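All chains are identified by letter, namely A, B, C and D, in their written order; residue positions are counted from 1 within each chain.
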Amino acid sequence: MEPLDLFNKLNVDRTELAYQYLTSRKLTEELFSPLSIEDYGIQTEEDMSPPKWHGGHTTWFFDVNILRNFEKNYKPHPEYFYTIFNSYYYAHGPPSPRSERGFQVRPTVEEMRNYRFDIDTRMSKLIEKEKNIYKIAELVKLGINHEQQHQELLVSDIKSILGKAEMKPAYNKKTSRRKVVADPKFIDFDGGVATMGRDELDGFSYDIERPKHRVYLNGDYALRNILVTNGEYMEFMKDGGYQNWKLWLRPGWFLKEQEDWNSPLYWIRTDDGWKMFTLHGMQDVNPNEPVIHVSFYEADAFAKWAGNRLPTEWEWESAVKTGDYDPSKGNQMDSSDSYLHPIPSGKGDGLLQVFGDAWEWMLNANTEYPGYKPFEGDVGEYNEIWMDGNSRILRGASYATPRDHSRDTYRNFADQSMRIWPTGIRLAKTTNIKKLNR
Amino acid sequence: MEPLDLFNKLNVDRTELAYQYLTSRKLTEELFSPLSIEDYGIQTEEDMSPPKWHGGHTTWFFDVNILRNFEKNYKPHPEYFYTIFNSYYYAHGPPSPRSERGFQVRPTVEEMRNYRFDIDTRMSKLIEKEKNIYKIAELVKLGINHEQQHQELLVSDIKSILGKAEMKPAYNKKTSRRKVVADPKFIDFDGGVATMGRDELDGFSYDIERPKHRVYLNGDYALRNILVTNGEYMEFMKDGGYQNWKLWLRPGWFLKEQEDWNSPLYWIRTDDGWKMFTLHGMQDVNPNEPVIHVSFYEADAFAKWAGNRLPTEWEWESAVKTGDYDPSKGNQMDSSDSYLHPIPSGKGDGLLQVFGDAWEWMLNANTEYPGYKPFEGDVGEYNEIWMDGNSRILRGASYATPRDHSRDTYRNFADQSMRIWPTGIRLAKTTNIKKLNR
Amino acid sequence: MEPLDLFNKLNVDRTELAYQYLTSRKLTEELFSPLSIEDYGIQTEEDMSPPKWHGGHTTWFFDVNILRNFEKNYKPHPEYFYTIFNSYYYAHGPPSPRSERGFQVRPTVEEMRNYRFDIDTRMSKLIEKEKNIYKIAELVKLGINHEQQHQELLVSDIKSILGKAEMKPAYNKKTSRRKVVADPKFIDFDGGVATMGRDELDGFSYDIERPKHRVYLNGDYALRNILVTNGEYMEFMKDGGYQNWKLWLRPGWFLKEQEDWNSPLYWIRTDDGWKMFTLHGMQDVNPNEPVIHVSFYEADAFAKWAGNRLPTEWEWESAVKTGDYDPSKGNQMDSSDSYLHPIPSGKGDGLLQVFGDAWEWMLNANTEYPGYKPFEGDVGEYNEIWMDGNSRILRGASYATPRDHSRDTYRNFADQSMRIWPTGIRLAKTTNIKKLNR
Amino acid sequence: MEPLDLFNKLNVDRTELAYQYLTSRKLTEELFSPLSIEDYGIQTEEDMSPPKWHGGHTTWFFDVNILRNFEKNYKPHPEYFYTIFNSYYYAHGPPSPRSERGFQVRPTVEEMRNYRFDIDTRMSKLIEKEKNIYKIAELVKLGINHEQQHQELLVSDIKSILGKAEMKPAYNKKTSRRKVVADPKFIDFDGGVATMGRDELDGFSYDIERPKHRVYLNGDYALRNILVTNGEYMEFMKDGGYQNWKLWLRPGWFLKEQEDWNSPLYWIRTDDGWKMFTLHGMQDVNPNEPVIHVSFYEADAFAKWAGNRLPTEWEWESAVKTGDYDPSKGNQMDSSDSYLHPIPSGKGDGLLQVFGDAWEWMLNANTEYPGYKPFEGDVGEYNEIWMDGNSRILRGASYATPRDHSRDTYRNFADQSMRIWPTGIRLAKTTNIKKLNR
């Protein structure tokens, strides 16, 4: 963690902090509520985690990073909790193998809930009593944001778990009635020098969003107002998009051939047309909804087929900063009773669906910002060790992002092949590029 | 199924059959009783199955092979039950992939229990009422034996599930007080023509035990009275048995190197000596107990190290038929409160530990008997499709074999590399072989 | 090696031995003659070896097992020869990895030839001069037989190498004019006690053919006079043999699905009918020739489709011993100018194509004979370490077996999935099996 | 290809072009000269290619892209040449599988040489005679540059082939006598707006170097004058660099563990200290030479250990453009008799070893330039399909880069895990970064 400045030291509102903490913790519980005990332990792929694990791991984060260091007379839980619920923080000792998270039948779900309850009680007390509250306030905020990220992962994991079962059970039943989609059009933005990212004092952010710095956008550009829809994507499919090598990056083409991709993940062709598995169970594919569960390779191929390209994160952030896009108004997640599915854009001006519905694949690879410094201390492993460039940036937010977790500088990233998250497509194009003098 | 003879037709005792059916079904329930809901869904390896699956599959066997064909107004359960709970019987439609048994979160455990209850009720009625009882009696007996095999697999799977968890929870607590082991010695048997196997009219048997036929044993031989003990196996380990290539079949050596075997499965070296995971939790390795969880390759290497060899199944069966070995007296399984662990032999004459404690690796590969005919009808897939020679014969029974499931002609088999079952070692040697005239 | 008896000691004919040695060595050279330098170094699969390696390895066998122990003032070749050309004999130090045989660009082909020439010169001298000739005579014979086995492997490897190349170059041009095939019929043989194998004093044999012993054949049986033809196999294919799971052992079915087998190896469907790659280049599939390049699984499925089964090796040897089948008369290998392809049977009585054309898959798995003892000394690794049961027995001989290498007790074996060797199908059936008294 | 402008149309010097063509082609022949026929066909890994293939593929490039389109009465070579020698250009039909390049025993080396000779003759004639020379001039230049890239790959492939052989044969014997290395120091450069890349009219460049555009360097920075030496790298090793997870990107750490990296590729620890395989055979590791054969992950870990970081390509290009670094003066490749090994820097001012010795790993991932347009026509596949971000940029040149192939805008790229190329490390650091106003 960065050294805290005086401003922060003097202004921690304990009540507010405790409220944020408990609200965030409660959301996880609520996301669990529709599940059967049988659903909590399943790990569908090495990259995914069981719901029970998310519940334990987010608790462990507060336990080892805050309580262990600040609580008087700290008493640990059974030793194996600290092995199982450690994700990848070597500073906290060797984690149990990632691929074996689905084998941990103990603690039981009830024991995991008890762990959560115990840590919440102790954390509440600490927030109330700790003299040097400023010492832990930043870590509490980090822990809350950490849990929010896991809430989104939890939703994707639940979808994968239920989707793997032959029975295809639904998670919730609440669906949107919105049917209208805006007319697609491109909106213009100016190039030139732009400012990216934020600094420590600009409110909470992850280290990889920092520091605030300048980029040079070489030309004016335009972004499409709405995300690519299922209807448009079906056009791409009908036009042989999955069979036309000219549209594909070659590594993506090889992967597509090997994995036999012919549609987005979760889509199934039936005699009765295309269906897809959703958190509401099997549904018809709605042509007005944004397409999701496409990899970067598919997004890139679609954009080429459409005669456009994907945006860079610099273009995206610069464009979004020109407007007044409120993350709290999008189709994001409040509870297990949120829509938890992308919905048609509705009518409106400017960029639509910026925060919510689907993460947007960016053209540029994941590279650290100039002057990047990882978090200090044990939480330094949070992001730094994954900055290996082997991925593309995702911007915006999805239907599964907790509502107050989003911001215009937020940088998510995923491997080009990832289809398990709700990732969609926003089109871009260059409108005017001036040749430099020779 | 073989055509039934008159004898069988006239003599089916409905009460006895119903009693056997219900007793066998109840044992499965009892084996479930120590489990938490969290334990039922886990599949630790592609070759293994979740407890919930065993519960459903054994029920499905009666459902599709008997009720579906004989019950009036037969009403099926939800369609996905018939996909999920089909193991490998293509005659009953395409099974869901074996490797995805651990992903089936529905039916829940409770729904699986309800499925069992419903089928048991209907089966009981059918056994009571069916006019042509002789038509189903053989199938009921096959189903009972089928469930018994799965009860043994269930115990191995439970051990694997609990053993994979960091916490190493125990399954039951009942242990034996027997400490004494007999003095090891070899017991002599005669060679010559011997009779193997049994016929359809000799009582229940699997198709692969048939028909009764002759073999020629080329020489007199001896079998050791007791199974190889942990103490003896530790001598082999200390003497570099795992490092001496001269003792190993080369494919076994390669496998050992690749998998880094240095002891039986479930053994862990600690500062405090060798421990092993058992169904009673972590225990010290007891030198007087029979060694288990060794592959054929390890059994074969041990036998060579000891200057002996493994027996053939022909020698084993011929020797056991000379005595009066009662399968109902061995350390086998009655309930979840059985020892469920091998125990020291105790004192005694003749061959000890013949039925119970551990399956015994035979020297010969799995080849069908001369005149072998698979079961007729849909149950033909039971054994026939697996007779591919890629395995060795196992004889006897283990601590996890249901008590009335064993017999002297019983043929179990497993891949040479298998260590997850309670497999042990009985030594053999040739004592007198006459040269044939040239 | 077994202790030699007086008879052998007194009767070694040095000239005869040297002649056999040199003749055998010359055959390898002749098999090389149609190759380009480019062909010598290729390893198409981990299980296969480059021609250059065969040339060096067979030489190394004489070098380390005979010259190193018996030659005065023995001078070794460069050290890396002894690593590269060691196949799997740990007694001679660590071999270089099997999968990297195709990476050994040194020695060059010319250097390998020089190695052969040098060792041949020294071996000839040793055979001529060694006082205690009886000490080495058995090892020389073993080395000759060893080289013969590699000559057959060499031909399979050459076929694989040329077949992998886009150009599909031919190896030789000599083809047979024989077109006639005998009418297929079954020939009867008696069951009962039969004698298998041979002893050390019965002339050269491998350890796994020993000792001479008795088996009990439970019933009379019949073998088909000719091998299954391509024409018959095409009937099986047309009748959906590759799509009918009822005919297949399940592990074979899984393998077939995974590898997408629809015909024997080397067959290609063209607009112009089925073609196959042969050592004479691409050819039409001749319906009168025996089918080859089928795995055990395919052979077994074919036999079931035909309403028959495969023979056991005990039936095969017992049947062949009743007749007067001369290995020197079959379609085997003399030189690189042999047909090197199976040919139609021609007319004739009794069993045809017993030695030559194609190895015949046996029903039984590979199990050691009762009383089996491996060769003594460093050559003990020759067979013993591979007796792991994971394979089926092959009997007879193929078009690529050196003419004087075959005998009625010869036991070859291969994994059930093997298709790269010239393996074919002889049908069998049980004609009369008496029930044993109860 | 881009539309050519008038300037180019009027000024093609046929003699100069033919000279460049032939000189470049001759260099490939010369690189072949030390090889034995046995070395030409080996493919050590799926990502690598046999020397024979490089010889054929570079010829095919001229054949299908120029002769086929422009030569009158064009006559093709055998059809399989066009399958085998196609690398990945789907526009020219399906290539034979990349992993099977090592199986193509035909054409022979001599036939490949004849192919080269024939195409060279016809290309020379075309360059001399073609009326519309401007139509082919750009394609000829592209073909020459293409061949230069393959010359460098060829040298890496040869090193890998010889290094895989147990004998470790040398390729050439010429070594440098230079022993002196400059004192290491950092050299300062200014941040701010900088110009990257080049346009079509700036002389030959690849599409991925275009267009000329601006970037904003957020702060002043410094680059180290010399590449990291073997001596420095051994310090890192001694200090536990390979054991300290804090220095490593986590995916790199996993890879290192899995592949058991403890030193650069080709290094071997002996009783006599560290040795390494070079194109001159096995050599002592010279502490004054630049370290090569390290992956991005190792380079990044080293930089962190040293308290520095790797440079971005924007910093590198901006710095190099401030100086007067002549690619023709570095330790690059002229012939098979070049040093073909990195050498100590010698004394000197400014940045040393900029062009030559080793490719330098850049911090940033491979992302296309703003306004990037792929080559037009069939050669569009040249770079575009590989722009998938899954790699890092390499700048500079190596000892194996043909001398006139380098320039300050040149962008090479490789997967983070690549160690088979001569990749080294130049250190960077930020010297002064101004906070932006909030």
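Here, a contact is a pair of C-beta atoms (placed from the backbone, for glycine too) under 8 Å apart; a residue touches a chain by one contact, two chains touch by 3 or more.
In this text, all values refer to a predicted model and were calculated from it rather than measured experimentally.
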* So which chain is farthest from chain C, going by the mean of the CA atoms in each chain? -> A
* Asked: Just how far, in Å, is the C-alpha centre of chain D from the one of chain C?
  -> 48
* Structure fact -> Rounded to the nearest Å, the gap between Cα centres of chain A and chain D is 37
* Approximately how many whole Å separate the CA-defined centres of chain B and chain D? -> 60
* Asked: So which stretches of chain A touch two or more other chains?
  -> none
* To do: Please categorise the chain-chain contact pattern as a line, ring, star, complete graph or other.
  => ring
* Going by the contact rule at the top, pick out the chain C residues touching chain B in the complex. => 88, 90, 193, 195, 199, 201-202, 211-219, 245-246, 248-253, 297, 312, 363-368, 370-371, 381, 385-392, 416, 430, 433, 435-436, 438
* Residue numbers on chain B that touch chain A, as the complex places them -> 36-42, 44, 52, 78, 80, 83-84, 96, 100, 102-109, 161-162, 164-167, 169
